[in-house]
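Pasting the structures here.
Two complexes follow with chain A in common, the first pairing it with chain B and the second with chain C.
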Partner chain A sequence: MRTVFKTSYDADINLFRHPQQMGWYLALIMLALALPFLLSVFALGEATNVLIWAIACMGLMILVGQTGQASLGHAAFLAIGCYANVLLQQRLGLPFLLSFPLAGLIAGVAGALIAMPMTKLHGIYLAIGTIAITILTEDFIVIATPLTNGVIGLMAPPIDIFGFEIDRYRTPWLLYYLILAVTLLVVLAYRNLQRSPLGRSFAAIRDSEISAQAMGVNVARTKAVAFGISTGITGLAGALMGHYAGIFNNETFNLIISIQLLLAIVIGGLGSIHGAFFGAAVVAMLPQAIAIGRDVLGRFIGGGSIAIPGMETAIFGLLLILFILFEPMGIYGRWVKIRTYFELFPFYRKDMFRRQKAYLKTERMR
Partner chain B sequence: MGVLQLIVSGLANGCVYGLIAMGFVLIYKATEAVNFAQGDFMMLGAFICLGLTNPQFMDLPFWVSVPIAIAIMGAFGYALDLVVLRRMFGQSQIAIVILTIALGFVLRFFAGVMWGHEPISLASPIAGRDVRFGGVVLGLDEVMVIAVTIVLTLLLWLYFNRTKLGVAMQASSQNQLAAYYMGIPVKRVHSLIWALSGMVAAVAGILFASKGSIDPSIGLLGIKAFAAAVIGGFGSLPGALLGGIIVGLIEPFSGRYMPSGYSQIMPYLLLFLILIFRPHGILAQVHAKKV
Partner chain C sequence: MSLLEIDNVTLRFGGVTAVSQVSFNVEEGEVFALVGPNGAGKSTLFNLISRIYDPAEGDIRFDGRTILDRKPHEMARLGIARTFQNIELFDHATVAQNLLVGRHRHRKSRMWTELLFTPFVRAQERHHREAIEKVIDFLDLQAYRDKYIAGLPYGVRKVVEMGRALAIEPRLLLLDEPASGLSVEETQDVAFWVEDIKKQMGITVLMVEHDMHLVASVSDRVLALADGKMLAMGTPHEVQNHPKVIEAYIGVADEHEKVLA
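Now for the complex of A and B:
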């Protein structure tokens, strides 16, 4: 086991705990940069999709994993980011470099505004309120047809940055690098947020609202800010999703997407950036994995490929049930456990990561 | 279609929403957990009854298959708590929310495999007949839905307030540890309430199936029932019915008097307003947050 010897206060909040850790992450970035040379065009598209989902998952993770507020409304902010980005380009003629951050800003401001009246709510009520946001947004896109083109949908134009045309089909590697750059920036912002006073107050609210209030955290305002940052990042992911998908309409960002986002971060592991990436990888690659598994199975049995509608979501649901029952800390939690086992080799105990159970008390009087 | 018929059909729809909402509220009252799969419970109850009754499946008489379907859903609820949810004891509410959402996916898939994705209608003796009340023609199915719902609400309300087990259920939700000390078998009480909620869902499903055809995706109606439960006040049985009726009435009237596209968002808009201005519903049961 490695013991980090802390010689300054900065050691507690440094980006990397020790130089080797920095080395590992640099190696990971190198691998990510080399991917276009290693993968086929199809696999590169899948990798791009994983990165987009990772950005969206990080956005939701700030709210759920960091601040402890559940949200089933993030599909709405994906939609806001996506529509804002394309409409700013089409209607106002803004270049992508301007419209993209503006889309994130619009989604963030919308999130903070919607959050203000909802910060009083917690737990279940918040989940229900955010469901309402998703459904209302989906219908609102249809009502605002003159702007959003309703059920017919909008086409995302190819991205143009300083004369480089970035298109999913003609220049997939450029799209991959663009999204990788955005992902890295978001990771950096997330890490810095975690180390800042604001991030600390998020964690304080997650662990106990009442203690946070006693320590001088303005709970309502901090929750609204958390909503704003979270929905802003989600809006960026939505804008990228629009460019990746090429065409989108009111049904692209439905309640199922919201649920999938929440499920992804639970499967990945709540409260960590690694968890966001693991969850994104599971959600983005599961459909392909199922399709491949079905083909292999179909060839094995001898018939054509077996097609059962709804199988994808069912497998996803089953996976989730198993995770919640047997590994509530997600893939990243399991990885941490395995790592700790080897670090402490003969001394790992079974209940090391066990959390104290809380017994319920209701707020109702009758 | 006259205003009266609009009211009655709205009431009948609202009663189904109210019954599903009551399933949420029952579980919430006793275990403080929220079952997002309640809509899919209803769907499953409807399909089990359909599978027993319809000629292409088991071909049993309707009045025999109804109690069987209710009993199966009760056993299903009990077993679900015993096998899955009891392990969640002491974990956060959100974990249970996510678990039940996932459960809903699995149930929908199961129903799709068993009974197909095409809409099927239940061979119910109350479907498609009319009743006359002094010149007004009403569907027998709609009148039945309203009557059964009112009786069931009354029974459940009496059960929770007058019987020993009902009070024990409330006690186990208000303070689990204290309930243990008082000798209440909290775990078994939880399983019983899941069974009860499964039975209510089966009734809701059978009534819904009598009003029209069903397919595995009708479980999504649960979201509307959710809005109903919140509007009425989560944790209150009469509130659930009230909320259901409000949602049921808003839909046909806004569909008739407002431009198209607005009628389907009205329930959620109302939900949103209620959450902002009266976060605990019309019949609120929360008075102050205690530390």
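Now for the complex of A and C:
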């Protein structure tokens, strides 16, 4: 195990705990940069999809993992980001470089406004309340047909940055690099949030609202800010999803997407950036994995490809149940345990990560 | 002028009068203790000062100004810090992070600068860490700085909670049963710390405590409450020997018992 000798306050503030750690993450970025040269066009498309989901998951993670507020409404903010981005380009003729951040801003402001009444609710009630946002947004897209083209849907134009045309089919590597850049920026913003007062006040609200308030945190306002940042990042992911999918309508961003997002961050591991990436990888690649598995199985049995309706949802559900039962800390939690096992070898104990039960809480004034 | 003035405060929950016409002043630089049996209204008084409850009657003034028009989260900015009877720490954060939340009152950066982590935010972070390091040294928490609260023993959590309140750099510190559940040695530590908080840091302390030894050794004045009413106020010795206080704690002898005696 590595012991870091801290000789300045910066050791706690810096992005990386020690140079080796920075080295590992630089290597990971190098690998990400080299992917277009290593993967087929199809696999690169899948990697792009994983990154888009990772951005969306980081958005939701800030709210659920960091601030402790449940939301099943995030599909709505994917939709708001997606529609805002394309409409700003088509109706106002804005370039992507302007419409994209504006789409994030619009989704963020919408989220913060909706949060003001919504965050008076807690736990399961908040989750139910936010379901309404998803369902209403779906209907609103149909009602606002003159603007959104309703059930027929909209086409996302190719992205144009200073004359470079970025299109999923003609220039998949450029789309990948663009989304990689956005992903890295979001990761950086998330890390900055974690090490600054605002991120700590999010965590304070997650663990005890009453004492966060006693520390001088304006709980209602901070929750609205958390919603705003979270939905803003989700909006960015939505805008990218629109360009990735090419065409979208009212049904693209339905309740299932909201549930999958929440599922992804639980499976990945609540409260960590790693968890958002692991979860995104599972959710974005599982449909393909199932399809491939079905083909292989079909060939094995000799009956051609077999289609079982509802298979994907069932496997998602099964995964969630298994994780909650056996690894509530998600894939990232498992990874930490495995790493600790090797770091401390042979001194790892089975109960090392078992926490004592929380002590009695003051009656919460809610 | 007193630092904290509780002026004829009454609070009712439906038909129950939790606090009834209580008045007292806490002077700057003193340690003031509230004692009384369970349900006397001590914690309710704390929650009134923290603005969690609104009094039905009366006024609460801090530094000469009413606080009844303030919101609960503004108390920290005014300089009133508190701990909770049943520890309310941030369990999934380290000791250092818990103390840093206590510095929230001193936050000067805005959301956008924090997302970009500008040099100003970094300078502010350094300053906050320097401040909590002083608290860590004061309370001997060095060994636990980077440990998660969820894994800490009860006694340490109590101390961390006091540290978090000190990180606010308050003028008035409300301690809700700082020694409950602590061992004899740990209670002695608390007594020394309360002395030092008063003398070295110049912070006024208002505390609720059942341990009469601790109360007698650190407090300048004591107020005894029972059933939401004031029983007696004065030095620890005076209050301990006040007939009404003895009656509330032990009860009075019946007539036939007196005859037997």
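Following the convention adopted for this analysis, the second predicted complex is superposed on the first by the 355 of 366 C-alpha atoms of A that agree within 3 Å, B and C clash if a C-alpha of one lies under 4 Å from a C-alpha of the other, contacts with A are read in each partner's own complex, and residues count from 1 in each chain.
In this section, a contact is a pair of C-beta atoms (placed from the backbone, for glycine too) under 8 Å apart; a residue touches a chain by one contact, two chains touch by 3 or more.
Since this is a predicted model, take the numbers as computed values, not measurements.
In the superposed model, A:I210 lies in contact with both chain B and chain C. Legend: residue contacts after superposition of the two complexes on their common chain; A:I131 is shown touching chain B, with no touch to chain C. The larger set of touched chain A residues comes from B, when the choice is between chain B and chain C. Within the superposed three-chain model, A:R91 lies out of touch with both chain B and chain C [touch as defined at top]. Once chain A of one complex is fitted onto chain A of the other, the partner contacts of A:R349 are absent, as it touches neither chain B nor chain C.
By the document's definition of touching, of the two partners only chain C reaches A:L198; chain B does not.
Look at A:V225: by the touch rule set out above, it reaches chain C but stays clear of chain B. In the superposition on the C-alpha atoms of chain A, the part of chain A touched by chain B in one complex and by chain C in the other spans residues 210, 358-362, 365.
By the touch rule above, chain C contacts chain A in their complex via residues 47, 50, 52, 71-77, 81-82, 84-93, 96-97, 100-105, 107, 109, 111, 114-117, 121-122, 124-126, 128-130, 150-151, 154, 157, 164, 168. The part of chain B that touches chain A in the complex is made up of residues 28, 31-32, 34, 84, 87-91, 93-95, 97-99, 101-106, 108-110, 112-113, 117, 170, 173-177, 216, 223, 226-227, 230, 234-235, 261-262, 264-265, 268-269, 271-272, 275-276, 279-280, 285-287, 289-291.
Here chain A touches chain C in the complex through residues 9-10, 12-13, 189, 192-193, 195-201, 203-204, 206-208, 210-219, 225, 229, 271, 355-356, 358-362, 365, going by the rule given at the top. Residues of chain A touching chain B in their complex: 64, 70, 117-118, 120-121, 123-125, 127-129, 131-133, 135-136, 139-140, 142-143, 210, 255, 259, 262-263, 266, 308-311, 313-314, 316-318, 320-321, 324-325, 328, 357-366.
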